[in-house]
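Which chain is which? They are A, B, C, D and E, in the order written, and residues in each are numbered from 1.
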Amino acid sequence: MPAPPLPPLIEVAPSPHLAEPSSTTRRMMIDVMIAMLPVLVMAVLVFHWYAVLQMGLCVLCCLATEAVCCWARGKPIPLGDYSAAVTGVILGLSLPWAAPWYIGALASVVAIGLGKAVFGGLGYNIFNPAMVGRAFVMLSFARELGASAYVVLHSNLEILTQPTPLTIAKEATRAIGAESFWPLFVGQVNGSPGETSAVALLVGGLYLCVRRSAAWGIPAGMLLSGFICAELLYAAGLTAFPPLYHLVTGSFLFGAFFIATDPVTSPVIHRGHFLFGTGVGVLSILIRVFSGYPEGVMFAVLLMNAAVPLINRWTIPRPVGGALAET
Amino acid sequence: MSVFSPVVHRTFARGVHPPERKGLAENCPIEVLPCPSKVVIPLLQHLGAVCLATVKPRQEVEMGDVVGEATAPVSAPVHASVRGKVGRATMATLPNGRHVPAIPIDAAEEQPFAGDALFEEIYGGDYPLDGLGHYLPQTIRQAAREAGLVGLGGAAFPTHIKLAPREQTPIDTLLLNGCECEPYLTGDDQLMQVAPRPILAGGLLGQLATGAQRVVVGIEANKPRAIRSLRQAAEGTDIEICVLRPKYPQGGEKQLIAAMLHREIPNGKLPLDVGVVVLNVGTAAALARAVVRGRPLTHRVVTVSGGGIRRPANVLAPIGASYRQLVEHCGGLRDNAVRIIAGGPMMGFTLGTLDAPVTKGTSGITILSEREVRRAGETPCVRCGRCVEVCPMRLVPTKLGLAARAGNAELARRHHIAACVECGCCAYVCPAQLPLVQLIRVGKVLARK
Amino acid sequence: METKAPGGGYLRQAWLVIFLGLLYGGALAGVQTSLGPRIEQNRRAETYRVIPQIVPGADAAQTTELTITGRDGKPSRVYRVHTAGGQLAGWVLPAGGLGFADRIDLLVGLDPELHAITGIYVLDQKETPGLGNFISSESFRERFAGMSAGEPLMVVKENPTAGRNEILALSGATISSESVANIVNTAIDNLREPLRGL
Amino acid sequence: MSNHDPTALERLINGILPENPVYRQLLGMCPTLAVTGAVKPAMTMALATAFVLISANCMVSLIRGLLRPHLRILVFTLTIATFVTIADRVLAAYLYEMSKQLGPYVPLIIVNCLIISRCEICASKQSLPVALADAVGVSLGFALALGSIATVREVLGSGTWFGLAVLPSNWPNWGIMVLPPGAFLTLGILLGLVEWLADRRRKHVT
Amino acid sequence: MDTLISLLQIGIGAAIINNFVLHYFVGICPFLGVSRKVETAFGMGCAVTFVISIAALLSWTFTYFILRPGAPLPGWVWRVAGGDPATSVDLSVLSYIMYIFVIAASVQFVEMYVRKFFPPLYKSFGVYLPLITTNCAILFACLEIMKNLQDPTRLWGLHEALTLALGGGVGFTLAITLMAGIREELDMCDVPKPLRGPGISLLTAGILAMAFMGFAGVDKSVADALKRLTENGTPRVEHRTLNTEY
């Protein structure tokens, strides 16, 4: 009796045979873009079309670089996972809108090329690609990206004629009063387009955490440690900004929710998330207050990225039932 | 659902909630497979040593006759599951890919039991829950051993070894595992509904054999009928019924013990070492049958379910019946069937054929259709940590996978690869679709060197 | 390969080392005696060459080097410079301190009465190219000439007020600018009293 | 590979490309990174290193018959340190600006593993002409490496080459290239490039 | 107090801002060669820190008393030998040779001492000691100390020399340990073939160097801040005006 043939599609595969349908890399990236929407809306409200221009350029350049790098290595071109697009968005929103075009373009090429492709592409990079790109141009074109780059004296957009809050903090001779908190919170100040509106960042960031596309331990650790650190420095009279101001100015919130949370370049274990966030928070504030640069988030993220392998090592959890005794 | 229910049931930490899809076979009462014309009885159906064949070709055997005897302490005899004539010894391929010697038996026309009578023979009979006290521990173990009893929950570990007393660590609790947390599988659920008394009797006998003070049945809240039936049957006995919040892999003994007793089994140790013995409910029923009625393990309930089968069902099948017979009994495969799985979809092995025999450890056959499996291509790990969040053993699966890929045994050991129970939670949630369990299996071999 | 008895080998080695030591020692002594003065002169010329630029009317040849002890208790080198005619033209103070990136070394020129700064010169700096490194530029150095040496310099970002000792910062390099001003302030502060005494 | 001792010509040629000290052997990385912000200091450094390497190689080759293992390294070090001091003084006397700019990196030639490795591998075993050829070859290779890295860094970072403007004046200088990270990045990328070319040639041959 | 602050400034500067590896490019060989595993890298870092401190102690002593222009010892010998007291004796031409021997001797000494008195310590990093003899980070520390002794306006004391050495060693350990952590990870990355090994390590070091540049100026402002706090307790007294009010 010959056995009837099996249906043609029968396949052999390792268990498990089910997978959580909503859990894909691409979905995580789309979540970031969704979370970015309020930020983008505020950016457009504050900076008008300037906000979008820089970002669009960065996204295009990032996608192009990603395609070229993958093509050169003979890999499939993975633009569909949107990770390069996310890098472009974050990079574009963290550069001053007025930076010349070649800065955005170079930053994008460096971000994807040096920040990502040389390590093997998506998932392998050690450092946050967008921050690698940003640091590269920041150190290259200090003049075009320094404090003065944000100020356009004769702009018809009034906000652009003012110095950024961080410049003011750095140079203030007296503590800054409470009356100016509201514009900082809403975002009616000068700065990089992505970072000005604390409220939009909070909304987007919470969405990311709730969706579990970002590990909540990172922003939690960062906000907590940043607050404590800023409080100590404020109490010692070393900074003009009260702690809460530090948290809502500059790229602190942007960093806490969108940059430090890049899963690839942050630890994998919850305790590690918290440690990592704490490190970024403390370093950001220290660099902000003590170094020659007005903002420290970018450097802090890169520094802590370098420490991630060590953090992952130190935070290996004790398995249920304890470690297997060496035999 | 449990969020709104008034009682917050116990459960273990982490784990996942895969779609249960139990509805397919949940309401199908156990049906009896018509006696197949031929069964192939593997001589190794358990964890341990291969049995030695005790029958010769052309020999006539009765249902229940020994066809292979245990030659080592950790082993269990196998019995003929039908009446018939022994054929020439062959090799059978078990679902896990192992080739083992097997005894084929051509079933006789006339079988001693068929249909309801067979069901009655296997799960019927009277089990006086208050009249078991006279069985001696040795008697119980001896009966379990002779009946070829092994765990029916999947691991197929010889039961008499589990019931052996231990001097250093006295057993205080006997757990009956009625979780059946794997999606699709409903065999234990049905069994608890229709045969609560053998199950409870098995529990009491296990208690006698191990000297445990308590017998507790662990059962997930998504099986209300089974809970009701067990509660009723347990009235008047000391057996406790503990309802658990459904979550995968609750049925894993480490998780079950954590959920019910808040005890952690040290890695590399057994439940015995924390004073617990865990028996699957089916095993308990078979134990009662072996002790009280002296019958060997010849049949078991197999769930045949999934979107790729025409008529999902819970089938009482003789050991050695081929998958093909069960599938055909259930209407055959649908055209969109893509995976034939021995066991449930989370831990089961896929088969490339239907010519495998049902063994003592076969809890189900899951046939998945195109729609049910997601076969998105694998992408690189994005270190999102989701696998870490769900691992019930609190491991770091992504590192285990990486270590295996890179052949880095030291890294694998540093991350306690040996503690992995291969439950598949990590791979289930992984957005990159990494075959983590497969990698971990490779890594375990690597790390042992 | 050598097949000598070990004892002889060691002896020969010892002689070899001693011989080489003498040879190299001699070579170094020769190099030092022949080049030493020239190096010293280079070192001096580095300062002297720029003296006319920062003290108007000075003649580098008419310079004397003094070592005095400043308020910080450490010895400091200063230069007394004269015109070609031999009149006191002013003072030059070497000064140094941290800038944005690394050490900045300067020369500060003062008028004979120590009332005004006559000019500064940046000997060494590693500030960011394109930003901080403009502290070496003529246009930045000019901002110091004529400032009062009696009170500290201030750095402002725009519209320096004449007569208030304010230096206009380099745009985008406020920190480097401030560092230079601070170094100048500290050096003058450190040496004003001892110089008065000379 | 043949197992005879390499001849003078082979040593000379090998040192330049096939066994380039920087790109192929990763020796002398510190000066390679530190002084390549511009071509001028890089070439000065290459010259100083060449002087030390040639002198030391010759010296060691001359006395090679007298050397015993346990004193060998001592003698090498003594020799190298002496020639480095001479080079340092000569630079300070005749190229004072450059000497200041190179700072500690001239004395650091003493511990440059490139030199001691040549003394060890070649000069202590082979005759004077071979040792000389080897030193010249390796020096050329080193100069080539320093020159190439410095060229990339100076052109991108300052828009000049050897101090001469080579890029249009509106070229935005990449400041980072003359800063420390630029050194690591340039060398990393050039190393990759050289490796890639070598790989392609290897494939081509087979 | 001022001394402590200036020591802090030197220490911070040497450890993170002018990091030996990432800023001055010394000790690149061990940085690339001994950074495969975190444990070994950390051991190497400790060994270097140890040796660098001993070498700094010795070379400061030699330089201060013998090798710097105007050093007391040769001057005394010169006068005793009847030389003209007006001509100063400058032995600095011998510095480099001296340092090299000082380093070789320190390594030998440290090795012997540690082996004898701290066997567990020896077990954990003794193997790295011989590797260090030719490490330029140590010579570099000696040269820095020399530079600051030759300039009479700086004339470092022993405490300053030791702080530099310790700071440099700690910075080296930090850099090499971070690098080792990253390289363990890189072994599992899909790095393009030509870049595997030294290429990707250098690129990583480049990014690390970019990150460390964020600390530029921290030593100065921390020292300034501490000075302000300790001097008059009135924070944020600055001699600058701001025309923009917020």
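Everything that follows uses one rule, which is that a contact is a pair of C-beta atoms (placed from the backbone, for glycine too) under 8 Å apart; a residue touches a chain by one contact, two chains touch by 3 or more.
The structure displayed is predicted, hence computed values, not measured ones.
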Intersection of the contact lists for chain D and chain E: A, C
If a chain touches chain B and chain D alike, it appears here: A, E
Pair joined by the larger number of C-beta contacts - B-E, A-E: A-E
Identifier of the chain whose CA centre is least distant from the whole-structure CA centre: A
Distance from the mean Cα position of chain E to that of chain C, given in whole angstrom: 24
Euclidean distance of C-alpha centroids - chain A vs chain C, Å: 44
Chain centre separation (chain A, chain D; CA means) in Å: 41
Whole-Å gap between the CA centroids of chain B and chain C: 85
Chain B: positions in contact with at least two other chains: 380
Two or more partner chains touched - positions in chain C: 24, 28, 31-32, 36, 100-101, 128, 130-131, 157, 175
Shared-contact residues (touching 2 or more other chains) in chain D: 78, 82, 85, 89, 173, 175-176, 179, 181, 185, 192
Chain pairs that touch, as defined at the top of this document: A-B, A-C, A-D, A-E, B-E, C-D, C-E, D-E
Contact set on chain E toward chain A in their complex: 38, 177-178, 181-182, 184-186, 189-192, 195, 200, 203-204, 207-208, 210-218, 221-222, 225, 229, 234-236, 238, 240-242, 244, 246
Chain B-touching residues of chain E, taken from the complex the two chains share: 184, 187-188, 190
List of chain A residues in touch with chain D within their complex: 100, 102, 106, 114, 118, 136, 139-142, 144
Residues of chain C defined as touching chain D within the complex: 2, 9-10, 12-13, 16-17, 20-21, 24, 27-28, 31-32, 35-36, 38-39, 42-43, 45-46, 124, 128-131
Chain E residues within the chain D interface of the complex: 22-29, 32, 93-94, 96-97, 100, 104, 134-136, 139-140, 143-144, 147, 192-195, 198-203, 205-207, 209-210, 213
